[in-house]
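The structure under discussion is supplied below as structure tokens; questions concerning it will follow.
Labels for the chains are A, B, C and D, by order of writing; each one numbers its residues from 1.
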Amino acid sequence: MAEHLKLEQFPARIEIPILWGDMDAFRHVNNTRFFRYMESARVKYIELLDLFGLDKDAVSWPILAEASCKFIAPLAYPDSVIVGCRTSAIRSPEELEQEYLLVSSASNLTVAVGWARIAAYDFSSLRKSRFPEKVLAAINELEGGDM
Amino acid sequence: MAEHLKLEQFPARIEIPILWGDMDAFRHVNNTRFFRYMESARVKYIELLDLFGLDKDAVSWPILAEASCKFIAPLAYPDSVIVGCRTSAIRSPEELEQEYLLVSSASNLTVAVGWARIAAYDFSSLRKSRFPEKVLAAINELEGGDM
Amino acid sequence: MAEHLKLEQFPARIEIPILWGDMDAFRHVNNTRFFRYMESARVKYIELLDLFGLDKDAVSWPILAEASCKFIAPLAYPDSVIVGCRTSAIRSPEELEQEYLLVSSASNLTVAVGWARIAAYDFSSLRKSRFPEKVLAAINELEGGDM
Amino acid sequence: MAEHLKLEQFPARIEIPILWGDMDAFRHVNNTRFFRYMESARVKYIELLDLFGLDKDAVSWPILAEASCKFIAPLAYPDSVIVGCRTSAIRSPEELEQEYLLVSSASNLTVAVGWARIAAYDFSSLRKSRFPEKVLAAINELEGGDM
């Protein structure tokens, strides 16, 4: 996972303030919120691809097939978390992998790293699909041509 | 992960009704809720260990070190999800691994499987710790002596 | 509000288990969850009206215009909450009012009462609308003809 | 409620980005999130009182006794919400009232107004209590001496 990467290596980056209510009875941010933070960075990444320029009906939508998070240090209110999202691999036209880095603004330390597998899904036929060439090209460009 | 197991193989099992508000803008249960469902089964598992009979101050508390989920089929309201939790490995006195199975009550199909790494943590010294022998023995007994 | 009513007076009733993660840093169920519980009872109420038998395109959808909750006693895990929902007034064909009663299963005590104003909304024209006669008749029947 | 006030009249103000996952199946921010936004502004308000300078054990903690929200316009991702919190009345040393204003950053329009009744609570004796004089004085000062 993304433990040895720096935020600068993630094309999509967002900052989200920790809310008091994000904490659970242990007075730390609850684990489910980390997945919400990663989801938010993933949505930002998709926006950067500017898919909306494509024919909307033709685009298969990315769905979350698998997600994981390694919790390195606790987060607590007050603070904000900076979340980076990058595509780490395109396994096939049907499926890609992403990495996430979560950094505390207060401590500047990595609090978690995440990983996700994302599949193309056609909501009209309700079945797995392929990412259009244009989408894969946009990802490749966003990642600096390394895909 | 737990894809080929049956609910009967999980010592802790809970049923949670899907709430309409658990769904996101895609009209499926949001991925973060799956982690809430697994957390709830994990808490149930801990209750089954009856740790509260132990000296409360001496017990290191289990914290979530890593969590993952493989999403197999969408969940939607109205339905309920049955979540099973089992300990699949005790790697060391500091750390154990769990598996989760999530089954839709409506379809009787597996909608997700999960995995977690759980570490012992001493909240008084704020550092990693060891699970007491009594806890590991209780886990072993709960799992049918297979640990 | 509904403090002096009994659950039996609410046509829609649901039971929702409290999850450990519903609690906040004060180790009580967080206030926002009470609104989720009431939303869930409201959805159940709408299902009882069997609106889906109506022409779907013609039905104005009910939206939440105002909501309030009076917190009477704390809720905590483990417990479950029984939530009742009733329509207390039809102010006009555009708007109705509901009351909610939240009872702890463990204590059998009322932990909160709520109130909501619900407006008809036409998602096609994006403006306030009227509840169809059939809907108001179904509500009246569900409430025992008291509307 | 606070509909005719301006953000400048609220001593505590925070800006919270809308996350994609804050939306529900209607593709608008779910009502429960509005209560989370108001809670976050309330916590900010308490911080402004600098209560932590008081003897911690002597301070009765403010708890939410009643909360309401009037939903004026829908919120959706992407946007951020600016939330103002003010104390509108000190009914007695046991209880005060607050108002909230929620403004969309994108439209600069008021999307909701809220109201809350907050009671002093002594967590050691588990009963209602009184706000210390110093706290009421701090609130009065924060509100420009109008209380």
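Here, a contact is a pair of C-beta atoms (placed from the backbone, for glycine too) under 8 Å apart; a residue touches a chain by one contact, two chains touch by 3 or more.
Since this is a predicted model, take the numbers as computed values, not measurements.
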Distance-maximising chain from chain C - centres being C-alpha averages: A
Self-contact between copies chain A and chain B, residue sets same or different by half: same
Where chain B and chain D are represented by their mean Cα positions, the distance between them in whole Å: 35
Centroid spacing, where centroids are CA-atom means, of chain C and chain D in whole angstrom: 24
Chain A-chain D separation of Cα centroids, rounded to whole Å: 32
Residues of chain C whose C-beta touches two or more other chains: 20-21, 30, 32, 36, 39
For the chain A and chain C complex, residues of the former touching the latter: 20-21, 23-25, 27, 30, 32
Chain D partner contacts - residues on chain C that touch it in the complex: 26, 30-33, 35-36, 39, 63-71
Complex contacts: residues of chain D adjacent to chain A: 14, 16-17, 19-21, 36, 39-40, 43, 47, 77-78
